[in-house]
Structures are given as C-alpha cells and as structure tokens.
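One structure is given below, encoded as structure tokens.
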Amino acid sequence: MSSLFQRVTKPIAQSPGTIQFAGKRHVDHVGIQIIDYDRDQVDIRHVTDVAECFGYRDTPTVTWINVDGVHDEQVIRVLGERFGVHPLALEDVANTHQRPKLEDYDDHLFVVCRMLRAEPGTTRVLSEQLSLVLGRGFLLSFQERPGDVFDPVRERLQRPQGRLRNGGADYLTYVLLDAVIDHYFVVAETFGEAIEDLETLVLTDTAKDPLNTLHGLKRELVQLRRAVSPLRDVLTGMGRNESPLVDSSTSTFLRDAHDHAVQVNDTVESFRDMLTSLQDLAMANMSNRMNDVMKVLTVFASIFVPLTFVAGVYGMNFEHMPELGWRWAYPAFWGVILAMTSAMLAYFRRKKWF
Amino acid sequence: MSSLFQRVTKPIAQSPGTIQFAGKRHVDHVGIQIIDYDRDQVDIRHVTDVAECFGYRDTPTVTWINVDGVHDEQVIRVLGERFGVHPLALEDVANTHQRPKLEDYDDHLFVVCRMLRAEPGTTRVLSEQLSLVLGRGFLLSFQERPGDVFDPVRERLQRPQGRLRNGGADYLTYVLLDAVIDHYFVVAETFGEAIEDLETLVLTDTAKDPLNTLHGLKRELVQLRRAVSPLRDVLTGMGRNESPLVDSSTSTFLRDAHDHAVQVNDTVESFRDMLTSLQDLAMANMSNRMNDVMKVLTVFASIFVPLTFVAGVYGMNFEHMPELGWRWAYPAFWGVILAMTSAMLAYFRRKKWF
Amino acid sequence: MSSLFQRVTKPIAQSPGTIQFAGKRHVDHVGIQIIDYDRDQVDIRHVTDVAECFGYRDTPTVTWINVDGVHDEQVIRVLGERFGVHPLALEDVANTHQRPKLEDYDDHLFVVCRMLRAEPGTTRVLSEQLSLVLGRGFLLSFQERPGDVFDPVRERLQRPQGRLRNGGADYLTYVLLDAVIDHYFVVAETFGEAIEDLETLVLTDTAKDPLNTLHGLKRELVQLRRAVSPLRDVLTGMGRNESPLVDSSTSTFLRDAHDHAVQVNDTVESFRDMLTSLQDLAMANMSNRMNDVMKVLTVFASIFVPLTFVAGVYGMNFEHMPELGWRWAYPAFWGVILAMTSAMLAYFRRKKWF
Amino acid sequence: MSSLFQRVTKPIAQSPGTIQFAGKRHVDHVGIQIIDYDRDQVDIRHVTDVAECFGYRDTPTVTWINVDGVHDEQVIRVLGERFGVHPLALEDVANTHQRPKLEDYDDHLFVVCRMLRAEPGTTRVLSEQLSLVLGRGFLLSFQERPGDVFDPVRERLQRPQGRLRNGGADYLTYVLLDAVIDHYFVVAETFGEAIEDLETLVLTDTAKDPLNTLHGLKRELVQLRRAVSPLRDVLTGMGRNESPLVDSSTSTFLRDAHDHAVQVNDTVESFRDMLTSLQDLAMANMSNRMNDVMKVLTVFASIFVPLTFVAGVYGMNFEHMPELGWRWAYPAFWGVILAMTSAMLAYFRRKKWF
Amino acid sequence: MSSLFQRVTKPIAQSPGTIQFAGKRHVDHVGIQIIDYDRDQVDIRHVTDVAECFGYRDTPTVTWINVDGVHDEQVIRVLGERFGVHPLALEDVANTHQRPKLEDYDDHLFVVCRMLRAEPGTTRVLSEQLSLVLGRGFLLSFQERPGDVFDPVRERLQRPQGRLRNGGADYLTYVLLDAVIDHYFVVAETFGEAIEDLETLVLTDTAKDPLNTLHGLKRELVQLRRAVSPLRDVLTGMGRNESPLVDSSTSTFLRDAHDHAVQVNDTVESFRDMLTSLQDLAMANMSNRMNDVMKVLTVFASIFVPLTFVAGVYGMNFEHMPELGWRWAYPAFWGVILAMTSAMLAYFRRKKWF
C-alpha cells in the first residue's frame, strides 16, 4: 500500500540547502546518462564519474544529463554546484517527497513533478519524483530509480529532422513533461477500468466487500490527485513566458501540455464523483439485502407462529374440549391451517415481498 | 454505457503535432463538404479529394469546409498544412477525447467542443467532438461522423438577406456554436424529463431499483457537465474581443451564447441537487419499507408468542392442575386469548403501527 | 409542481434575434400601459395598438411602457425596432426561460430578472420573467401576464414631490427592481415559515413523510436560488456606474438593492443548511422508530420464548418424569415463570429499553 | 427559538429612504445618551428630546450620540436629517434585519453589525442590530434596546490619558466594534462549552436525543455565522484607508479587529466540523444500540426456539415412540438441552456478541 | 483533550494594546536568553532581568532575544516599549490564542504562529504560540514555556562558516519558521501512522469503537489545520519582498518554506479525505455486522419455527388422528423434519447467507 505521508528521515531544522537523502533507496549505484545534441549530431554516453559531465556546461549544444538514483548526496552536490544550481533546489532533489512545483532561480528553472506508472494488472500506482533543472543549454533530470517513461524521447532524439533536435533545452523539458503527462492518461485509464469493473459488480450486487475496494481506489486516487493537481500551476507558470529560458514557441506547447494536465485532473475529479455514487449504490445494496433477510424472517415467522398457536390449542389437556371428540375435527384443522397460510401468503404477495 | 475515460490508443510520448487518430471509428470514408458564400452567391459542393479545397483559402468569399470523419490522418494533415493550421491543433482534431478549449494561434483560432444529441427515447447522450479552425475568411470544421446539428444553419445560408450571408467566418463560427448549445438545451430537457419521471416514481415509492437508475443518470450528467462547463470559458475567451479574427459585432453574439451556456450549466447543477435529493428520498423509502417489515413481524410475534405460551401451559401433563378439570375452563381460555389479543392490538394501534 | 428545466419549444438553431415565443401562454391579448411623466405632470394610458407608443421615444419626459404578455412576437418586434432595441434582447424577451442577466448595448441596458410571488397558503412560488429595457428617457418592461408587484410604484408616481417623479428612467428601473426584491423577502418569509412548521413537526417526530415535504421545499428553493443568486451580479453591474444611462446618484440606490439581494441570498443559503439539518433529524427519527419496534419485538420474544420452552417441557409424554406427579409442581411452575419474567424485565429495564 | 428569517412587516415597494420600523419592539421610550469629549473634558448627558443633540454637530469636540430603541421613526428622521445622514442609511437603521455592511456616503460612513450576547446558562444568543454613523467629529449609534456591551468603553472615556480621549470619532468607532467582537468571543466560548458538554455525552453514549440538541446548536451557529462572516468585509473595507473619515493610525487598529473577526469566524467554522463529527458519532451510537438489541433477540431466539422444538417432539402423541418409555429418557433430554445451549452460547461468544 | 476554543479570561473591551495574559500559565519564572552574533563572534547569555536586553537594540550585530513564558505582562511591556514594538503586537503576544498572522508595522514585522510537537506515543499535539518580532538587527521571540524546537538552530549559530552567522535577523526568522514547519511534518507523520493503524483495524473489522477514535483524530486534525493553513499566507506575505526588513535573498528561502507549508497543508487535507473514507468503511462494517446478526436469527427462526409447528400438530389431542396410530409414523416424522431442514439450508445456502 502506498504511503499516505512523507516519512521525515532527515534531521529536523537543518541548514537549508543541506542535501540529505530522504526517501526509500531504490538503487545501489547512481547511473548517469549524458545526451548531447544539436541539429547536426547526437552523442549518448553512460558515465559513472560525475566529473565527466562538467565539460558540457558551456557548450553551444544542448546537453541532457539524466541521473538515476538520488541517494548519493555527493553526486548531487558536485553536479549541482558545477552547474550553478541553487542549494534549495538540490535539497529538494534529494528529498523525494516534494509537491510538484516550479521555482524560478533567474538563471535556471527548477521543476519537480511525479512520474507515475501503473503497475500492470493492478490499480496500484508506482510513483517516483522527477526533478528537472533547466539552465541555459542544459537540462539536468533526477529520478529515483532506473527505468522511466522517456525511451520514446530518446528514440526521437536520434531523428535529425525532428523538432526536438532543432529545439533548445526548454523544448526538451516540455517533451519530458509531456511524456510524464501522457503516462497520467495511462494511469487514469487503468483506474477507469478498475472503476468500471467494480461498477459492474456493484450494479449486479455481486461485489465482495465493495467498500473495502472503494476505499483502496480512493486512497490511490488521492495519490493521483496530489500528483496531477499542482502540475497544472507548474505548467501555467512555465508557459506564462516570463523566464528568458523558455522560448515563446515552446510556450505554445506548454499551454497544450497544461490543457492535457487539466484534462487528466477533470478525469480524476469525475472518478471521485463516480466512486461516491458507487459507494451510495453499495450501501443501498447492503440495505436491500438486509430488507430481504428481514422479509424472509417475517414471512416465516408470521405464517408459522400463528399456526403453532392453533396446534398448541388442541394440544391442551382440558377435560371439556368438545372439538377434540368431533369426527372431522382433524381434517377441519388442516383446512383452517391451509386457509390461514393462503391468506398470509396473499397478504405478503400483495405487499410485493416476494 | 458511455465511457468514463479516454482510452489512450495512441503511442505514448510521440512528437507533439503527430496526427494520430485516437478514438472510435464511426465512418469508412471521410466526407468533405465545401460551402463558399458571400453576400451575392452561395456554392455548396461535396468532394472526396481533399485537394479540391485548396483553392478556397485565399478567396475574398467565406468558405466553410466541413469534414466528417477524423480517422484519416492524411486528410487532416494535408488540409491543415495547406490552411496553415498549427500541428498541435491538428493533433487534437484527430484525438477525439479533448476537453472543450480555445487556443489562439494568432492567425487562426482553434476551438474544440462536444456536440451532444439525446438518443431518442433514452437518457443516453450521443457525444461527438467538434473541432473548429477559424482563419481569415475560412472555417474548417471536423466531426467524428456524418450527421450533425447544422442543417438549419445550411438552410439559413441559402437566404440572401440573412445576417449570416452578410457576416464573416467569425459569425459563422458563432452560429455553429449556438446551434451546438441549442442542442444542449434539448439534452437537458430530456434529462429533466427523466428526472421528473423518476421523481414521480420515488415520491410514490414505486420505483424499482431507484439507486441504479440514479447512478446511471449521475454518470450521464458527469458527461454533460464536462461538455458544458469548460465551454463557458471558451465563449468568454472568444467574446473578449482580443483576436482580430473576431469582429466586435460578433462579440455581442458570443456573449449571448455564453449566457446560454451558463444557463445550461446552471440547469445541470440543479439536476445534481435534484438527484441528491431524490437519492435521500429513495434511501428513506428503503428505511420506511424496512420499518414496515419489522412492524409486521413484531405485531405477529408479539401477539402469537404469548398466546402460544398460554396454550403450552394447558398442554402440560402435571397430575395436579385444577384448571384442567373445570367445566368452563376451555371457553375461559378463549376469553383470555381474545382479551390479550385485543390489548396488544390496541397497544400497537396507539403506537400508530398500522 | 414547478418545472425543473426550460422546455425548448422554439426551433433549434434559428437565426439569432429571431423573436419567437417560447414559454407558457398566460394571456390572450397583449396589454400595453404607457406612463409618461416628469416633474410637473403624469399621464397614464392603456393602449392596444403598439403604434401609439412610438411618439414617446424622443420626448424630454420619462416614459414607462409596460407590456403584459410576450407571446405576440409582432408587438415585441415592432416596439423593439422602433425603440432601437438589440435583436438579441428582443429574442430573450420572448423566450421566458432566461437566467437573470444584464446586457449593455451601449445606447440601452437590457435587464432580465424573475418576478416571484408566493402563492397564498402554499410554499409554491409563482415565477414570471420580467424584462427591462432602459434607454435614454424611456423604460420598456415586459411581463408574462397581467398583475405584478408594481402597484405601489404606480401610486408613488402620482405624488409630485417624490424622488421618483424627479428622477430619470434609471431611477424608475431601480424602483422596479427594488419592488421585485422586496417580494423576494415575502417569498423567503413564506419559506421560512414552512420550514419552521416542518421543524416543529420533525422535532416532535409527528411529521408525516417529512422527506417528501423536504424534497418539495428543496425543489422550490432551487428555483428561488436560481432567481436570486444571479441578480446580485446584475445589480453590481448596474451600480458600477459605467453606463452613461445610469446616474451616479442612482448607483447608490442600486448598491442598496444589491445589499438586499445579498441578504435574500444569505437567507436562502441558510434555508439550505436548515433543510439539511432537518433531514438528518428526520432520518434519525426513522432510525429511532426502528429501534423502538425492535425493542418491543425483542422484549416480547425474549420473555415468552423461554417461557414457552418451559411449558413445552412439561407437555412431554415421557413415562418417567418425576415432576409430573409432584403435588406442588404446578404452582411451582408458575413461580418459576414469574421469576424468569421478573428477571428479564429487570434486565431490559436496566438496559433502558422501556 | 431565534427566528430564521426577517419578518417583513413594512409595506412592500415603498419609496427608498422611507424610515419605517420593521422589527420587534423592545422598549417603550427612546433613550438618548450624549457623550461629548475631547482631550480636556468629557460631558455625559441623558436627554429625551432629540433636539438637544443638534448643537453638537459642528463642535470641535468628538460627540457620541447613542440611541436606544429604533421604533420611533420620528427620532431617527429628525436626528438623521440634522446630521446629514443619507435616507437609505436611516431606512436601514429602522429595519433591524440588515446584514452587516459598510456603506460609504462620502461625508459619512454607515456601518451595520450585530451585537451578540450569550444568554446566561443557555446556548441561546441574544442578537441586536447596531447601526453606526461615523461623520466628521461625531458618531451616532442606534441600538434596539437599552443595555449594551459598551460600559467598559464609557468607563475608559473618563480616563483623560487614554488613547480614546485623544482619538477621533473614527477611533471611537473602532473601539465600539472591538467591544462587539470581544463579545463574539464570549458567545463562541459558550458555544464551545455546549459542544464539549454534548461531546462528552455522545462519546459515552449517554446523550438524550443528541440529534435534536445538535439541530438546535446548528441553528444558533447559522445565526452566529451570519453575524460574523460579513463583518470581516466591513472591517477590511474600513481599514483599507480610503475614506478621509478614518485616520491611518486607526486603520492599524481596524486591521487588528479584522484579524479577531477572522479568528472568531475560523472558530465558528471548526464548530461546524465538530458538530458534523458529533452527528456521525451519534448516528453510529444509534446503529450500535440497534445492533445490541438485535443481538439480544437473536441470542434468545436462537437458543430457545430449537429447544422448544425438541420439547415439542416429545410432546407428540404417536403410539409408537420408543424414547417415551425409556428409563433415562427424561434426564437424557435435559442433557441434550444443556449441550445444545452450551454449543450456542460458545458460538455467540466466539462471534463476540456478548 | 485539547480545547476547541480560546477561553477569554481577559476583561472585555479593554483599551487596545492593553497587555494582559490570557492563556494557561506553564512556567513560574520568565526565562530570557540573549544570543548576540555576527560573522566573527557569538555571545549567548541567560538573564533574568529584562533590563539587560536594552543595550542590544542598536548594536550592529544581530541579537536574538528569546523569552520563555508570557504571563508576566511587565516583562513584555518593558521589553516591547524599549524595542519600539507596537502595543497591539504586545497585546497579541500575551494573548496566546492568536491565529497565525503577519502584521507589518513599518519598522518591525510581527509574526504569530503555532509551534506544534507530537506528544510521544499519542496522536495528541502539544500546541504553543510562538510570537516573533523582527526589527532592524534584532529578533524577539516569545514562547509559552521553556523547551522548543530550536536547539539545532542554536547549534548552527555556533558554526562560524554557516549562512546563519552571515545572515541578518530576517534570515534567522526564516530559520526559526523553517524549524517550526519541519516539526509540522513530524506531527503529520505521527498522524499518518495513527490513521494507517486505524485503517488496518477497520479493514479487518477489528476496530473497537472506530467512530470514537475517528472523532478524536478529526478533532486533532482541526487543530493542525488551524495552525498550518493560515501560515501559508504569512509566508507568502513575508516572501513577497515588500518590507525593507526582509532581504531579497531571504525571500527565496521564505518561498521554499511556503512550499513546505503548502505540502503539510495538502497532507492534512488528504488526511481528512482518508478519515472520511475510513468512517464510511466503519459504518459499512457496522451494517455488515447487523446483517450477519439478522441472518443468524433468520436462519434459526426459519428452520425451527416450522419444525415446531409440525411437532405441535402431532401433540394435539384429537380423538380421530389416524397418523398417531401408524406403525412408522414417528420415523416418518423425523424423515419429514430432516427433509424440511435440508430444503431450508439449501435455500439459505443458495442465497449465500452462510
């Protein structure tokens, strides 16, 4: 079960800008990938020594340095200092419980968002913090573990004619954020299917413990909403075209990404409505079942308790009970019993109890 | 049942502006209708080759090119490129799960909205994406399938004196959006009738599974709200009179259309309130029925269980039970039974249980 | 029961500005009343021919032309064209399902609101669309049927010293809107009384079907809110003192009217809270009653079922049952029965079940 | 029980500025107190003739004229006209159902708020309209009845060194409003205590009709919120330092008063949350009690109904029932009975039913 | 249990700026700690006489004067006057029920917030008012009792190279607020754990009185929200860089602290959602249990009541009952009983009742 809150493992009240890993460690070794490209060439390298990145800072090409694993504070500090990243940003990179946000440090933009992937076959959402530092001619990205949603982007970087190869680091940032949002749609789809499956069960009243399932879905939905909802403001902020780091042509694309984020958010909100409605339905099913149980009890009791009384009457040992000696008393008794039963059944039938 | 979410059939993280159909295919062949008009003449043509549209781009007349079917990416791409439409807009045309929105690409406006039609005799809403590209002297419209709500508009285009023939492409855009909103009223009316029908049943407690029906209505209402609610912002944006493509005289009409959209939205909101109230009522009915069942059980059990005990007493086989030998014991027994029953009935009557 | 939605009887997608009656027809003949006044004289006329109004357009006096009945499109069109009213405004006059709104057509203001009157002795609200066109020196008012809330205004118009006679058409507009809002208070009072009556019944648990009553009240409240809530914006807009048609001294009065509308709106909102609270109370009463029924059943069953068992034991026909032959067995049996009953009663008493 | 709505006893659609008392009359005679002070002297007088106030209008000293009782329209009119108060303000003084508001009539400010006092020993709130007219060098205050929360203010006015004696009429206005808000805290405290008392009862499930009590508290809370919530805007408006009647040094104090109003409002909102939570708790208690009742019934019925059947079997009169003649049949019967009972009790114990 | 409201022990309507302790007294003696530092040296002193602070006002070094205990009005007054603190700020220092707020008195900023600490092993939150006065070169802090969350800050003040020693009083203010917010995370974590513990119990339906526990958590959550929510505005206000007392470099840090406050607030909001969902779940469990009880009752009653009737029939004393004399009547009776029981059990099994 995904956690509701961030476990604060970092010491309290540390000096701000203290880079200290706070999260769950997913990898042993930090992996660094450098993709350096411009219109004419693209160069992809995997390095283990962070120092190999330093030369790319002031080249005219666009450099994307992707770091998998944020538990090694040393790597983050060295890389950050070399590329002039604000200490507060580096602190947030290492603390993997950030709310999606955009911070403008004049000569670089810092973006935090959550990269979501649906775990296949479940409604569980794998969530990972993605931190992006967009500077002049470079983009640093930090992920919690290897494996991401960016493989199609890396492929597109190989195609010389694409807009990507001709765009700047700001466009690359947009492309990464767009890929992240595209995966939100996949996650939302998985959710939608889970909700529709549950809906079918609840509508036919064949769900087992629907409230527990609903609770689990709501819990995951809270996660999803907390990832998606603040991202809208991040994209609005970037698209507002105030930082010189973001080109006005990229702003158009960022507004488009913003529209997509709004769309996911709307979908998530309608999921909430749907879950509430399903819950009401499940509750009503429960009441209906209770009603059914009560009707069975009432029908049985109301028919047989009077009959038992009649049988009890003629089981009495009074000396003077004329009926006991009558010739057709016993068949008559059965006649009375049948008449009473029929009357009761007709009564309940009229009440539509069965 | 209409789907809760957009199924993302497109590959993830594609280059933005990649036109790839994502939706349900409704037609085999794309149909193109060209209506070219000015004050003096109107010319209506159906073409199959998209190239026949190209000549209309720079004419002084107003040209409305309507495309039925958006699954053929080639048609969209060729048409879009020729008329200078932004790639992101073309991408959204082909992806039929857009949220209603307005995008201003300086030399053309891009509008997405949902065209709703009530399926006759049901509360189901047929929903289709309508994409409009308003350029200088032309309007491109893309629909998912043939058949739309624009026949009255086409008729009015035949009348030479109408404002439509004398207006520009911006006025035509308004007229189409107005026709779309007019149909929202029809859909809302169908909904209103379904709600009032259900209300009658619930008020007389004759509804069968009212919660299921309510759930279905809420589901469709979510659809309706998601179509109507963002359209208000679209119309506000267009009517704000900032784009040179929209004449200030048309702005007045757009504000009027905005008022209508607000009105539909208000209606939809009051439907929500009404459904919530009906649900409470249906729940209360359920509780009431349960109460009734319990009362029947309690009345029967409370009357006959004591009587059975009395009968049981005189069925005992003690040797020394003086009553058994009394002459009028048996009639007295019946007297006691009658008295007890009357007392119980009076008690329950006083409690207003029947 | 008042309708939840506007029935769209007008053809769809008509040319905007097409004046076509859409509503319920309340009168046979359109009645027109002309009140022409200035500081020195007042002239009241009833006319049937709309042409008699034409002369009043450009007089220096203030002219109030009131039209009862909006089903005659011809009257509206002729009058509107003569007084230079925008076609969209005329369309809204005839379509009596408008949301309250203010539209500024530069040389005239168009105001739509709803005139509410409480139907005596019920909580039903009679609702009627009132359309006002405020031009330079004239005010056109359109109502759905004869009879309105303006008789005190007509009376005040007779008094030469009043501010009304000395004010312009804008002040007259304020006075009419103020009269409309004053009646909202009356309607709200009727509602408040109905809610307090219901409250008394629910608090003493003597209400019959309180949920049905609550549903009816909520339904009417939705109507009331939809009339009052948008009127606040209308009055804010008029009082903002932007149109040259509204004098700044009148703005002060419009702000006062706005405060009153806010007050009604607050009252309506607190009615909602109250109805929700009453509903919870009614639901709790239902549960309490159920509890009471169950307690009666449980007390009866728990006392007599064991007793019946004891009686059954001594009705058995075993040959070897020593108790049967004992001399004081039967009295002892009654002793046991009494003891058991007393114990049970004490137990239930301690549980506070009766 | 305090009333939910304002009873409109005034005639409808009167000329605005018509001063007509609308409210409940609390006093027979209007009492007027004049406090005239400056740095050097303070003069307190009680007068009955309103004309005695006239001389104070244009003195350099600060004059506070307090009127107890607003049913005498003549007093209000004369006083108002003499001090140049706007007719709409005078109308609102006499109509004691105003929403708290601030109106800026250029040469005087008009403030309406509600003066609340907790009725000792109850949660009932005594509510009274306080109208303040702040002019240049004078402050008129109108209350519905004698007795107010201003005695400490009058005392402070006696002290020559206090800021009050050195401040202007604007500072006096602040001091009065601050005294009013201080009493909101007292009322809120009374409420808080009532809620905590109820909480204790509900948590121990010893409350009698908690829903009725909750409903009463909610009702009063609506009153309280309607008094407090709009006052925030009033104080923001006054503190915004736009009117020349309010000194900038007083603005600081008004912002402080605003903070206090926000604090009361927050408290009231958290009371709402608390009441909702208590209601859920009370409902759950109800369900728990129902569960308990049902368990008792079920335990009794499930144990004794089978036993009765067994006893019934051996009460049958078949000629050929071998058990009847067995020597130890009767003791064996009791053994079976005991075994069955023990089994059932163990079963229910395992289910944790008692 | 923490209190819902502020107990107003101060006299009502006192002169504003009257410093009067209103709260719970936590210490006997006021403790004052002076930390005076600049880049080169740091000097820490504990004093008891407030006069010893006076010399630090106009030094070029940064002086942090921390006061533990605010019940001694004399200390607050003397210190406040000497450092030029506004009387309203001093009043709020002594009244420990303030809502978090920021007040800009031009030459000093006044900040109130709540310092929260989780009481170990419980979900109870220890809450204490922290008042900060930031002036030119000094910071006064007032706490209700000794012991705070600032020990790491004091340690960092010893390190000469730290940013803290090189920063101004504004940076020190940020560091203190950041330490306060860091503790909010700890409190939130404690809450999250309590909620997850409860969740486990509720999901397995083993919680005892879950509604009572939920109510307690909600109560504390209200406290937490009231501390966190307004703090966001405080930090936004300080970071807006309008006061000359806050350096622009510190603004960046304050924005970071604001982001953290938003994050805590989001967490608190998601706790609310989670508690609501848990409550629904707990209610559903209750209903389920009721259903189970009813099923047991119904199964028992429905099986044995008919059987008892059959036994009763053959216990009748009619003279002419042919079955009584049959040879295999008794075994046949048992056969019938077994058949009936099996049929009933099969019926209930099919209904999935057990």
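Observations
Chains: A, B, C, D and E, in written order; residue numbering restarts at 1 for each.
As a working rule, contacts are C-beta pairs under 8 Å (C-beta built on N, C-alpha and C of every residue); 3 or more make two chains touch, one makes a residue touch a chain.
A quick note: this is a predicted structure, and the numbers were derived from the prediction, not measured.
Chains that touch both chain D and chain E are absent from this assembly. Between chain A and chain D, the centres computed from C-alpha atoms are 42 Å apart.
Computed centre separation for the pair chain B/chain C is 26 angstrom, with centres defined by C-alpha atoms.
Multi-chain contact residues of chain E, defined as those touching 2 or more other chains: 287, 290, 294, 297, 301, 305, 308, 312, 315-317, 321.
Circular chain order, beginning with chain D and continuing to chain E, reads D, E, A, B, C (contacts as defined at the top).
Contacts from chain A toward chain B in the complex involve residues 149-150, 152-153, 156, 162-164, 174-175, 178-179, 182-183, 185-186, 188-189, 191-192, 195-196, 203, 252-253, 255-256, 259, 262-263, 266-267, 270-271, 273-274, 277-278, 280-281, 284, 287-288, 290-291, 294-295, 297-298, 301-302, 305-306, 308-309, 312-313, 315-321, 351, 353. Residue ranges of chain E in contact with chain D, taken from their complex: 3-8, 11-17, 86, 88, 97-99, 101, 103, 105, 211-212, 214-215, 218-219, 222, 226, 279, 282-283, 286-287, 289-290, 292-294, 296-297, 300-301, 304-305, 307-308, 311-312, 314-317, 321, 323-330, 333.
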